[in-house]
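Both complexes shown next keep subunit A, but they swap its partner, so subunit B is in the first and subunit C is in the second.
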Partner chain A sequence: MTHGSGAHRTVAVEGLSRVEGEGSLRVEVRDGVVQDVALSIFEPPRFFEALLEGRLASEAPDITARICGICPVAYQMSACAAVEDACGITVDERITALRRLLYCGEWIQSHALHIYLLHAPDFLGCADAVELAERDRAAVERGLALKRTGNLIMETVGGRAIHPVNVRVGGFYRAPTVAEVGALVEPLRRALDAAVATVAWVGGFDFPDVEGDYRFVALSSPGRYPIESDRVASSDGLDTSPAGFADMVIEEHVARSTALHARIGGRLDYLTGPLARYALNSSELPEPARQAAEGAGLGTICTNPFRSIIVRAVELVFACHEALRLIAAYEPPDPPAAFVQPRAGVGTGATEAPRGLLFHRYELDGNGLIRTARIVPPTSQNQITIESDLRRVAQAALELPDDELTWRCEQAVRNHDPCISCAAHFLDVTVVRQ
Partner chain B sequence: MNEHDGTSPALRVVVVGMGSEYRRDDGAGPAVADRVAELFDGVANLGPIADPLDLLGLWDGAELAVVIDAVHSGAEPGTVQLIEVGTAPEGESGGVPAGTTSTHGIGLAGVLRLARAVGNAPKRVVVVGIEGDDFGQGTGLSPAVDRAVPHAARHVMKLIEEVE
Partner chain C sequence: MTDTRPTLAVWKFASCDGCQLSLLDCEDELLAITGAVTIAHFTEMSRAHVEGPYDVSLVEGSITTEADAERIREVRRSSRRLITIGACATAGGIQALRNFAEDGAYASTVYPHPEFVSSLDTSTPISGHVAVDLELQGCPIDRRQLLEVIAAELVGRRPVIPGYTVCQQCKGRGTVCLLVSKGTACLGPVTRAGCGALCPSIGRGCYGCFGPSEGANPEALAGRLLSEGMAPVDASRLFATFYVGNPVFGNQATALAASSETGLNEQEEEST
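What follows is the complex of A and B.
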């Protein structure tokens, strides 16, 4: 919608549908300069933190999995890691490997969905994935086949493709057999080929020439690309434990949003997610992922947020390759879960959700009841940076007509795949020009 | 396994509860789906789904997909409506309101159109809508919606029996 004319214009678009969650975006432009950018979002972790108080720590993985319909495994894994840390448990490497395999399933289905159905239409001038399917059915079918493979891993390891039910503190209720896991090999080989083709496909898109000046934060695990780890690193030299990082991160309430805005030490904004993981860990990618990245023109660091779609595609290659590696080495953990004796204490767990770093911190009493819970999802950590991106992108694109400017702003939000979580799934966008 | 992509063979009947049980009456769909799955063996309850896009790849090729969702249309809370999603002409939603009656703005209609565009849509899709009253944060259905759960479940079971 456009109101007014000349120097005083208001552009309002409602119902942006390709961001998961509910929220609104407002950009104010005065005399040709972007004055203010506000991404207002609803985010349910605050409610869940309160809900968890007084509940058994063993319930945390299942309860927090319901925060996000897209990345339940991330919530389950960070919750398990935090409770196990509080109870002084280190799980068997075979359990860690099986968790990593399950997580690969979530990365594959989430990245495939975002790349093909939410993000690619932006670059191809399609209103949505339906229009893309009408124009390029083979591409959408490739994306859906990738998503199905991710779902299949979730079903085999997690017991269900949506909201896995096989995860518990300490490990799993049941370990899949070697044959069950082996049945994933053929679909994954095809998925690996499809992922490589995805990198080549998105690498050919046209990208606006925008570079961000980011402070990247991601897990770090020497010798492998991070999914779970006990170290957190940043592009400006931070190297600490999840607990140390949780202590550094200060979240502020902002009136317009139920989400908290996170900063290191209360003053340094930062970015988590694919761009950060890649910048800090691209040397750990397996050869097929590195070759695909190189073929698509990615260096070892990518600071153009629009090119995050290529990084996600490279991570798809990694996740398929990693799943195949884990399956080749698979030994069912026996028992499938470590015994976890509740004890009073504080624990922190961090894992890499598809959208970025997700950390949980629980304080438990001697009966295994949660006294306090803190859940910091990637979107609240990225929110300030997303707003900075929007300011930069909007300023650089002010010459565009209102409809194109609005679209560019929507794209700038989608670049970071914000999971505004499981409420109404739309973002209202308003651009005000004065 | 499906030779083409390794997925499981097509399920005959898929029951899907849309919504979140942590948004009060938004949990009506999952509550009905759970009730139906308890009573019928062999019905695939895909679990509580928050995003219709998740249906892609899960409901492919089913004879019948019953999508149960809380709606907000102005009717009396607890009112149950059945919407038969017909064969939609190109570009139309086939009777599924495009996001105005549900908390899922991404739209079941769009997802169904996408599934049809790539030839994976279920043969028959029926939406069972339950009018909600309270979509705030918290657990538990409001009384009228809670009372409607068995009524909605009976509608779903009748639809399944037509296939069985």
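What follows is the complex of A and C.
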């Protein structure tokens, strides 16, 4: 709600909707100038980094999956990568390919959820997808079918759509057969068409004219649009390992939030997620995704946060196309998992969750027990940038009546698909500003 | 025309969002559900909010703060039927591991300023705070069971939800017993059915994510696991995950941990 009169105006949303988790936002305006903005996260902390201490490293994928029901594969994959790094293991490329297929399922499921159920209703003036379905049932059904296909991949490869059971450190418990994976081809072909139609659909929305000034950070993997990789890159020339990046990121604890605020070197705020991945890697997209992007008028970089919905749709095209490519080349890994001998050490793993870079770092003892854990989710990394966006978007929209300004400010947050459930509970920080 | 559809509200406490996502994961049925009920409060899905009272409230998550302990009482007051969904809401979730730690130890491990964080030293199920009409188990819940619960509520009957074990579901699927044939640690004999016995079907022992079955005897299973050569500390961890807050699993984990301290010390002495 918005209240205040004359010179002083306050926008306050106590319970942000259509985001994962519990947060609120507040914008203070004085004499036509936005003074203060705050995205507060009041999601109760669950202390994962503390409860991981003394657990077996082999338990990390299943335990950390429970941080987020929307992107459990991201947690499982970053956990596996970190533990394997600590133990000095490199897995067979067939295991890497099967992991990537599973991850494509999560991207499709999560992006379809965000585009159709959480984000699109904003652009069409609907409170939710139910109201949207009353107006355009075919669109919502297309989104649900896409989401279903993502879940189908997760069930086929991971055994279950939410908190998959087939993932283990080193690989999988069981490799699906060629026939099981082949059964995904038909649904994926339809999904690819639906994804292309999605790009055209969202490309026709009206977008507020706002440009962000972002420092983008994403994984990079030459020749591939990044999902998993051992290089982290930024728009200002950073190129480092996940471990090197983890060392640079300093998180700060502020009173209003149970999520830590992350900055590079404790100074530089940055953005991860679809806008960052696209800006740094759009040249690696396959032809159908590139064509769809071009058709929607997307350049090689997009800095309008509202247009992130188009970038997500382009990534849907990519994920469907990539899943089909991986299935065509599929050979069941045998054995389905590498043997991982525990050893004392420190390991870092980073992967691209649908909403941005997620890294895990574990210090293990010689028996494979976790001594310390550090988990940095995308929303902790994006929180400062989301607040900057909120300031910019509110300032540009001050002429709107109160209810519309409030809605616009909510959108500024939803543009980044924040996962507040993920962001609360983390931390392990080093520096705090007094 | 007055809207006579029953109202459904979805509430979140400390959790991962996965159980409420199960509702949105009913892709083929979602629009039928939203046709049969009015979604009155569901922040993950809608910015619309209808004031209570509500016919049915689905509650995800555990109680970990004073504010949430108060909020669940308000939810109860405004709900005709209150149904808890998932391990967090029914048992405290994985975050209930804090119940076994020293007071305040968790907050200071994670946060540099524990004083900014107002959190209880325990994670407790909703039933520890208010009366609950029905509990649906699972980490996460199974969406087919959720559909059954919603369908049953709409006509006012009891849902058909099994209380028997994963073991029985395995037999139904024809999966060869991992514990008997390979000595694989498996919680199937004491875990509630509902997932479809997924893990044994891929050669993995059940890890208990639907919580204890009716009449579970974890002590007997623990004895079997130890006789297969499993260290007590590892058996303890097996019981101490998503349902550690349920006393049936939690007490067994504690008992095994207590015996493992002796075991571990003996081992250390032998090796020195």
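Please note the rule applied: the second predicted complex is superposed on the first by the 400 of 434 C-alpha atoms of A that agree within 3 Å, B and C clash if a C-alpha of one lies under 4 Å from a C-alpha of the other, contacts with A are read in each partner's own complex, and residues count from 1 in each chain.
Everything below uses one rule, namely that contacts are C-beta pairs under 8 Å (C-beta built on N, C-alpha and C of every residue); 3 or more make two chains touch, one makes a residue touch a chain.
All figures in this text were calculated on a predicted structure; none of them were measured in a lab.
Overlaying the two complexes via subunit A brings subunit B and subunit C into a clash. Within the superposed three-chain model, A:400 lies out of touch with both subunit B and subunit C [touch as defined at top].
Residue contacts after overlaying the shared chain place A:197 against neither subunit B nor subunit C. By the touch criterion defined above, A:160 reaches both subunit B and subunit C. By the touch criterion stated above, A:49 is placed in contact with subunit C alone, subunit B being left untouched. By the document's definition of touching, both partners, subunit B and subunit C, reach A:140. In the overlay built on the shared chain, the residue A:186 is in contact with subunit B alone; subunit C does not reach it. Contact with both subunit B and subunit C is seen for A:130 once the two complexes are overlaid on the shared chain. Looking at the shared chain after the overlay, A:250 reaches neither subunit B nor subunit C. Taking subunit A as the reference chain, the count of touched residues is higher for C when subunit B and subunit C are set side by side. Under the contact criterion defined above, the residues of subunit A that touch both subunit B in one complex and subunit C in the other are 15, 17-18, 20, 22, 44, 47-48, 51, 66, 68-70, 113, 117, 128-130, 133, 137, 140-141, 144-145, 147-148, 151, 160-163, 425-426. Those residues of subunit B lying in contact with subunit A across their complex are 1, 5-8, 20-23, 46-51, 53-54, 56-58, 60, 99, 103-107, 110, 113-114, 117-118, 120, 137-138. Residue ranges of subunit A in contact with subunit B, taken from their complex: 15, 17-18, 20, 22, 44, 47-48, 51, 66, 68-70, 113, 117, 128-130, 133-134, 137, 140-141, 144-145, 147-149, 151-152, 155, 160-163, 183-184, 186-187, 190, 422-426. Residues 12-22, 24-25, 27-28, 30-31, 34, 39, 43-48, 64-65, 68, 93-95, 97-98, 101, 105-107, 109-113, 116-117, 119, 123, 139-140, 195, 198-199, 202-204, 207, 209, 234, 237, 241-242 of subunit C are the ones that touch subunit A when the two sit in their complex.
Put simply, subunit A touches subunit C in their complex at residues 15-22, 43-51, 53, 55-56, 59, 62-63, 66-70, 72, 113, 117-118, 127-131, 133, 137, 140-141, 144-145, 147-148, 151, 159-163, 165-166, 168, 173-174, 253-255, 258, 407, 410, 419, 421, 425-430, 432.
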